[in-house]
Structures are given as C-alpha cells and as structure tokens.
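Below you'll find a set of structures to go through.
Shared chain: chain A. Partners: chain B in the first complex, chain C in the second.
The block that comes next holds the complex of A and B.
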C-alpha cells in the first residue's frame, strides 16, 4: 500500500468513542516497542498521547469505543471517510461493550438513575459496535485487548498482510500453557470453551473461570456448555448475567443470554 | 478588544472527552465552563440487579488507566456492607497491587502527558526524538508498575485476580522475585525523576486550595482511611453521603461534587501530600525535601514533582511489602451477602474514589453510587482556569488555549472517568 505520510511513512490515527481508554492505553503499554513503532509510523492523530492532531487521510485508524450518542453516529462516518484501513480495538468497538447493557433496559430510566436532569444528556437507546455503522477491515477482541495481538495487528498492517489472530477457544490456550482445567480439577464454572482465545488463558492460570471478556469464539456451543455450568451449580440468573456482561450483544452471547433470560422468566413464573 | 472568538481543537494528553468555553464580555471574563461530553455509560444504573461479587470486574471498566482503584473501592464497599474487613497479608497484597497502579499511572502522566508541557513538545513521543534517555526512563518506570500489577492481578488493564474478600490465587514468592528486581531499578529511576522534575521551570502560581484526601493512622493513605480536609474537617467514609453531594450542571456529563455545600475542593496528589506527607517513606520524604517541596505545595504545575515523590514512595513501599510478605491462610476470606449498605473509598492516582452499594437480601445490588475524583475536581479545575485566564485575556487564541490545557493537565483529569478533546471556544461580544 502506498502510504500517505512524510517520506512514505504510514500514518496512524487512534480514535475514541464510548469506552474506558484501556484499549488505546494498551498501545502506550508496549513500553519496549513503543519507540520503535513510533519510528516506523507517523502517529498523526492520538489525542491521549499527543497534542499534534494532523488532518487526514490516515493509512490505519484504530478505533476504540462504541457508538452511543447522536454526535458519535456522525463522527464514525467521518473517521471511515478519512481512513484507508479501519481496525476496531476491544469489546466496546467490536461488540458494544458493558454500556450495551442499556439495550436490555430503558435508557431514559437509566439516565434518570444517574442524572437529576436526564434531558441534558444526549444518548442513544442502544450502544452499538462500529461495524453496525461503517465497514470495518478487522476487529480485535478483548476487554481489554491483548498487547501482543495489538502489535501483531500493527505489524501485519505494515507488512500488508492479514493479522494472525486465532479464532479458537480459550481452552486451546489453557492446554498450551499447561493450566489444569478449572472445571475438571476444581469444579469452577468457566466460559473458556465458548470464548475466543487471545488473553493467554489468564483467568484459569489464576484458578478462576474465564468470564468471557474476549467475546464468543467462532461457532461456540453454548448450549452444551450451559448444561455443564448448571451441573457445577450455576443458576439460570447467573447464566444470564455471565453472558450479559462485556460482550452482551455479540450474536452468540446474545442468543445464550436471551435463552437463559427466557428460562429465568419461566422459572420465576413457575415459582410458588 | 470586545469581540473575540477562538476555537481550538484538542485537549490532548488526558483521558476522556471535554471542551472549554470562555465567554468574554467587554474584555472581561463573564463565564467559563469546562464541558465534559464523554458519552454517558450509566454504570450506576447497569449495576442494579448484578450480583454483589461483580462490581470489581464491572467498575474496573469505568477507567482503563486506574482499574485497580475501582476494584479496591468496590471491594471495600461491598465487604463493609457484608461486615467483613480484609486484613493481614491479603491487605498487603492489595496495597502492593495498588502501588503498581500508582507507579504505572504516575509514570505515564509525568513522562508522556505532563513533561511535554514543560519542555515544549507536542507529545512524549516527540520528546523521545531529542531526549530518548528521559523517555526511556519513564517507560521503564511505567513498565515496572505494569509488571507489578500483572504479577498480582494477571494483566495491567482490568486485572482478573481481584475478588470481593481477596484474590482467586495468591502469587508465590517465585513470581514476585523478578518484579522486585525491576522495582529496585525503578526506585533509582524514581529518585532521578524527582531530581529532574524539580529542575523544570514552573509558572509562579499558587492557589488557595481546600484539600481533601483519605488519612490512615498507619500509612500514607492509598487503600483506605477516613476522609480528611485541610481545614480540619474529618469524617469516616460511611458519612460521605452526608458531606459530599453531587449536582448536575447543564454543560457536562460529569457531575460536580460539593463538600458540605461548598464547591471547588481539590483531591489528588497535592491534597495527599499536604495532608499526609509526614507518613511518606523516609526515601520519599528525603527526595521531597531535596526537591524543595516544603510541607504544602499549592502550585498545581509542581504537581509533577509531587507525583514523582509518590512514585518513590510506591516503589519503596512495594519493595518493603514484598520483602516482608507472609503467605495468607487462604487467597480470600469468605464474604456472605446480607441486606445492607456499604461504603468504600481509596486514593486513585488522581484522587479519592468513593463507592456505595446497597445490597438486597438476595445478594443483588439494589443501588450503586460512584463518585470519581475528576467529578470532585471539576469545579476546582474551572477555578484554576479562571485564575490563569483572567489576567491574560488579550493573549492570542492559540497561546491562551495551550495555557488552559496545561492548567487542566496539571490535575491529570480522567474524563473517561472524563478530555481527549478540548475545543476552546472563546465567545466574546
């Protein structure tokens, strides 16, 4: 790809929508690589790190955060127009994030809980991923994203190839790391079998069940896992909550959460 | 000059989205609003109906810069509701984790966000082109903090190993040994940072701040304590709602806090230092004295020196804890839910962070209230801005904007907890 920057150096932009800043901070957390990355690309727009805000177009835009306000609906279209490649980073940009829990509630009621004058607050009924609004070239998952995967995405872009980001489940990473299975060894409920790898199987390495912060893997079998989770003692409301957390509106987790919610409603109806 | 309109994009080198509006009438400042337009994410609403075990994971997502602060305030509030106090080696491990976040967050602010203001660069990366040694020292410090957080929490951002009652697994001595090794180097780098920061040129500004910070009988308060102010008000954390009220202003999605009805107090490093500096570790006290800080620092530009001193303290204390650490009996103490309300507060790198939860008998959250440091500081930051801007209204727009940004950055605002974007708009008629 012919680059647009000074001396043919590719120009990088980092954008923020509704988010916690953690995914873009991941770039600054590449302490050993940051200065060499900065030497290979022109960081043209990255307000968390720099006052220099160069105009577009940009060769690579990293987009953090979800779309949740009327202004952001317009801004994401602008970002797409000025970006040759657009990569979303993290669960908010890729799946709507924790703030998408409003999708299951009445956002005006939500606003009235937090703000005395909710009419001052401009917000949309739903928190949606970037791909709901503009074409996206690649989606990097995680809440937050993994530092090594971010470096792979930037390196792949510089080399003009697809990033190598495995679509398999956390279970594969547990095996690779030599973690004993927390479900088998400790009877701890774990979303690892349906969650995309990338974190390095962190939670199981700390004797904790995966809580799905990287979102669903390719073709997960949540139904089979749910039987196992129930045997390990998870209640239906707990199943609803575990799917409805950081990637609640990502399709496979949405279906699993909705199915559990329907069942919870039936259980509540059957109760004496 | 009665007509002036200046609009400048970019409050950069802070976390979050905000804008500043100056209204100038007949050459006088008629109004000033720091407008925070960070999209609202409604955490206090979405926490309702979640289990009492979930706030450490959920509220961490309010801020990627200080997730540990959210986890610690959340855990302590819930434990208070359930009548549990975490003590001994588990508390030491929490402190250790928190020191890691202080080192990381302060090193980020000192070197990558704040230093460029003093040295005339647009970013830490631009600074690195001329002063690679300096920026590499900052990155090494930052990395030491991140490695400490990761060793205990699993990863630097949104750690996975924190739970109500303690941890899922306690890291062994073997896992902490390489971190201690890096911290020993970090301590030297932190001392060099204080010396360097003290040599910067500071604008001659002092404000009559009303400080608020936690105070703890046994330590320079970070994890817990009671609330103290510079004018002698003190109260336990559970009385927070009686003293601190939040009000909404039309121009901002962050709420403004008032202390006993008065707006404009300051939380953060200047407040902690003014109230608690006698409890700093000996090395940090010595470094502060060497930097000429005195007992109270009222110049917000010199907050970079105070943050550097706090890095020294965090490194020294972290090393002491690792050295003296004993193995806890279990990675967590049991916490059984009950219908009750609990309050928790800790010192996030940028100031006091308060959480309150009301739990139902089923262990689900009925009500949540979170008061982040930037909401507390917003009115005071506006006052700083007024003081900086008022005598300089005839400066060219870009110089005025740069000065405003510096005045804001002094307080390391987290506008995600709040400004990636300061649009300075001067409306003059």
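The block that comes next holds the complex of A and C.
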C-alpha cells in the first residue's frame, strides 16, 4: 500500500457512528500490539483515545457503528471519500447492530416514550450497516469484535493481503478448542452452528450457548437448527428473540426470525 | 508375558510418571467424560456411566464402583497425534525457521479398541504414503497406550459391525479388562514396552476363572452394540449412489457445522493459513483442522466446488465408507459413534447408510 502519511507511514483512522464504543475499546485493549501498530502507522483520528481529528486522506479507516441519523449519512460519505480502504468493525457497522431492532417497530413511538421533547431528536426510521451506503472493503463481525481478528485485519491490510477470517461455523473453533458441545451434553440451546466463527467459541467455553453475535456463517441452515432448538424446549417467542439481537437484519437471521415470528402469529391465531 | 491380575492402577500410573509420561485418562468434568491429566486412580470417574444417543449425551450414576463404565468420550487420541493447530514455519527477512514440533510423552489410559483402530488408520494416512509426516511420527512414538476393553458400549457404538471392537486385539502397550467382585483388572501386554512395565507392578498370575470373566465382559459388550451397519459391499454401494435423492433429504437436516468431522478420530483434513506479524515483520504459516463441510475447503479460484449441503454431506459419507478404501486400503470409519452422538441435530451415519440401499 502506498502510504499517505509522514515518512511513508500509513495513516489509520477510527470513526464512530451509532454504537457503544465496545469495538473501539477492543483496539485500545490490544495494549502490547497497539504499540507496534503505533510504530508502523500514524493513528490519525481516534475518537476514543484522543480528540485529535487529523485531516485526510487515510490509508485505512476502521468504522464502528451503524447509520441511524441524517447527519451520519453525510459523515459516512465523507469518510469514504477520504479513505483508501474502509473496514467496518463490529455488528453495528456490519449489520446495523442491536439498534436495528427499531426496524421491527415504530421508532417515533419509542422516541415519544423515552424523550421529553422528541421533536429535537433527529433519527432515521432504520439503523443500517455502513455497506448500505458506501462501498466497504472488509467487514469484521462480532459484538464486540475479537481482539485477535482485529489485529489480523490491520496486519493484513498493512501487508496488502487478504485477512484470514474464516466464514465457517463457531462449532469448528469450538471443537478445536476442545469444548464438549453444550447442546448435546447439557441440552443448552446454542446458535454456534449457524454463526460465523471468530470469537474462539467463547460462550461454549464457559458452558453457555452461543447467541450469534458474529452473525450468520457461510451456509446457515437455521430451519434445521430451529427444529432442534424447539426439541430442547425453546418457545416460538424465544426463537424470534435469539435471532433478533445484534444481527437481526442480516439476511439469514432476518429470515430465521421472521419464520419464527410467522409461526408465533399462527400459533396466536390458532389459540382460542 | 502371560496375562496377570492387578488390584490397583496406582502403581501403573506411578511407574509411567516416573518414566516421564504425562498420564492422561478419563475424568468427569462439566458432566462429560474428558481425557485429561490424572495423578492417581482416585481421579477416575468411578461409578459413572454415559447415555449416548443421536445428538444427546448425558452422564449419570451407574450404581457400581467401576472406573470405566462408559463408552468413547468426545476426546479421541487425534488431539495428541494431530493437534488442532501447529506452526509450519516462521520467516524473518531471509531466515526461515521450522520450529521443532512438540512431541510430549503421553500415556493414554483407558483408550478403547475402536480408538486403537483409529490410530492404525491414522498411521496409514500420515506414515503410509510417499511423504510420511515426521511430526506425526514423533508424537505417535511418544504415546504409551493402555487400552481398556469396553464393558458398557454406548448407544451410538457400532465397532462390532466395523470389526474394530469391543475387545482390543492389537496396537496397545497394555490392555486391561476391569472385573468386579473383587474389583481387579486382567492386564495383558501387547509388546515388550508394556511387558517391561507390567513385570514391575505388584501382580498375581491370572487364573482360568479371571480369563474367562474377562472374555465374558467382551462377549457381553459385543451383544450390546447401540447401532449396526451392513458392511457387505458397502464401498460399492455408497460409490454407486452419487445421484441418490437421499443427499438432498439429509441436507435439509444438516447444519454443515462440521462437528462430525471434528470429533471423528480419523478425519485428518487441515488447511494452511499465512500470517504476517504487525510489529517485527515476522511472517509464517500455520496449519489447523479443517473439514469438508466448510466452503473454503473446496474453494478453487474463489468459488467452492461443493457449494450445496447435499454435496458436502455426500463427500463426508462417501469418503468415510467408500473412497477411503481406494485411498488407504481400509474403511475410514471405525464405528466409534462420536459423529452420531456429537452431531447437534443427531444425524446418524448408520441410518443414512441404511437409507442409501
């Protein structure tokens, strides 16, 4: 990559949209490695670590958060214009995040309940991923993102190679880590089989089911998994809920949630 | 050396440890039998048994004091012979370094007949061809195998069909059969390495009654297989069914999650990944477990060859029960049942094979 910064040092920018800052904190959490990042790149705009907002252009922009206000729409176009490579980090930027649950309801109604003067709140009806508005070079999943994967993506872009971020199921990592399956051994519902790897199978390692924070894997078969989740005692509303969390509007999870919601509606219709 | 009777496993564990082996045996952890380091007989899961069914595993009390009253655990010897990931080489500038792979001395206590057969299959895969894997060889040579003959097969076991169990007949250093009333083990050495240790342990010669009781354990276990497979003409039968509608049907149930291949003791597929370090300019290559259920596995020029779930399930079943014979001269399946128990939706290879007829 031909660098844009002083002495040919690549410039890295970090941008924040609608989000909780958890993914940016993951970057700060990379203590040791961050020192080597700082030696190889100029960290030009990093809201969470300093207030200095350097002028563009940037070699690599990491974008956290979803687009949820009219102002965001303007800003993301600016970010794209001044960025050579743009990588989204986390479920908000990649899939709309938990705030995309507004897509299933009336956001104005929420606003009138929550705020004293809702007319001062400028918000869009939907919370959308960055890729809905500008071209994105790579999307890093997770709520929050995984530290190792973030370093891998930065290292890969600096070296000009494709990041090693496999799109297969969490189960592959779960078995490599040596976890026994919580679904099979304990009857604990787990979204690992339909969820993309990357976290190192964190939740099953602590005897909990995966709740899908990395979004859909490469070939999710939610219909087949749902049959098993029902066997394990999950109700229809619970099924709707597990798919409508951090990646609710990501296609396969959207369809899985909708299918369960349709069934809920049918069940309600059938009820006396 | 003739079979002997030993009353306690502690002298054996002590002897192995004094020879530098880490002794790995079954322990109960998080309601699952795991293969983990043990210090003494008292670490073993006495009085526990497992219930195994497609997609289901539960551990519970057996009401006896037996140490090995359960079937294969989710952990096979594969983790020790073929670790989930390893570094192939590192590069720094012009220097390339191939790290010496760790090959720890491990004694596996309680390995079953099916897993000994799996090791024999792995040996053909890793050592049988024109490019034997030296790392595998060293890890394999550093394993000391104390087999235990199965007394209580699991609900998904079918080693009898595959001709691999339930009695260990070869490939072990020592083989134990656990007997009750009084609690004792009939111990047999599989070679000089085992006999040398056995001679040092406190023991009595095995009587005809002991040997008879041990044979009865295996005979009885063989009658309690959870599953069976008709292996007659299986290679041809599976090979001749590439167009069967059954593949579509199973694909509607299959999650393509890869659990089956990961828990299978003979599945050996890996992928390589290159890395570049952020700080000091080091680059390198790692190898890690992969599976024919991932799309990247058959990616050629950016697109997977086996895109559909049907094609991927067919690859798995066909490789295990048919093309493995062409490639390595044996079945790829040894009948341990792990892929059935640990499939999150309980897809059963024995049922799928029966449906292919």
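Going forward, the second predicted complex is superposed on the first by the 272 of 272 C-alpha atoms of A that agree within 3 Å, B and C clash if a C-alpha of one lies under 4 Å from a C-alpha of the other, contacts with A are read in each partner's own complex, and residues count from 1 in each chain.
Here, a residue touches a chain if its C-beta (ideal position, glycine included) is under 8 Å from a C-beta of that chain, and two chains touch if they have at least 3 such contacts.
Since this is a predicted model, take the numbers as computed values, not measurements.
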Partner chain(s) touched by A:227 [first = chain B, second = chain C, both, neither]: second
Which of chain B and chain C A:19 touches, first, second, both or neither: first
Touched partner set for A:207, first chain B, second chain C, both or neither: both
Partner with the higher number of touched chain A residues, chain C or chain B: B
First, second, both or neither for A:180, with chain B first and chain C second: second
Common ground on chain A, meaning residues reached by chain C in one complex and by chain B in the other: 35, 207
Chain B partner contacts - residues on chain A that touch it in the complex: 16-26, 28-29, 31-32, 34-35, 38, 43, 46-53, 65, 68-69, 71-72, 97-99, 101-102, 105, 107, 109-111, 113-117, 120-121, 123, 143-144, 199, 202-203, 205-208, 211, 213, 238, 241, 245-246
Chain B to chain A touching residues, read off their complex: 9-17, 37-46, 48, 50-51, 54, 57-58, 61-65, 67, 108, 112-113, 116, 122-126, 128, 132, 135-136, 139-140, 142-143, 146, 154-158, 160-161, 163, 167-169, 247-248, 250, 253, 255, 331, 405, 414, 416, 420-421
Complex contact set, residues of chain C against chain A: 30-32, 34, 55-58, 74-75, 79, 84-85, 252-259, 262-263, 273-280, 288-291, 293-296, 309, 341-346
Of chain A, residues touching chain C in the complex: 33, 35-37, 39-40, 151-152, 154-156, 158-159, 161, 164, 166-169, 171-172, 175-178, 180-181, 183-187, 190, 192-194, 207, 218-221, 223-225, 227-228
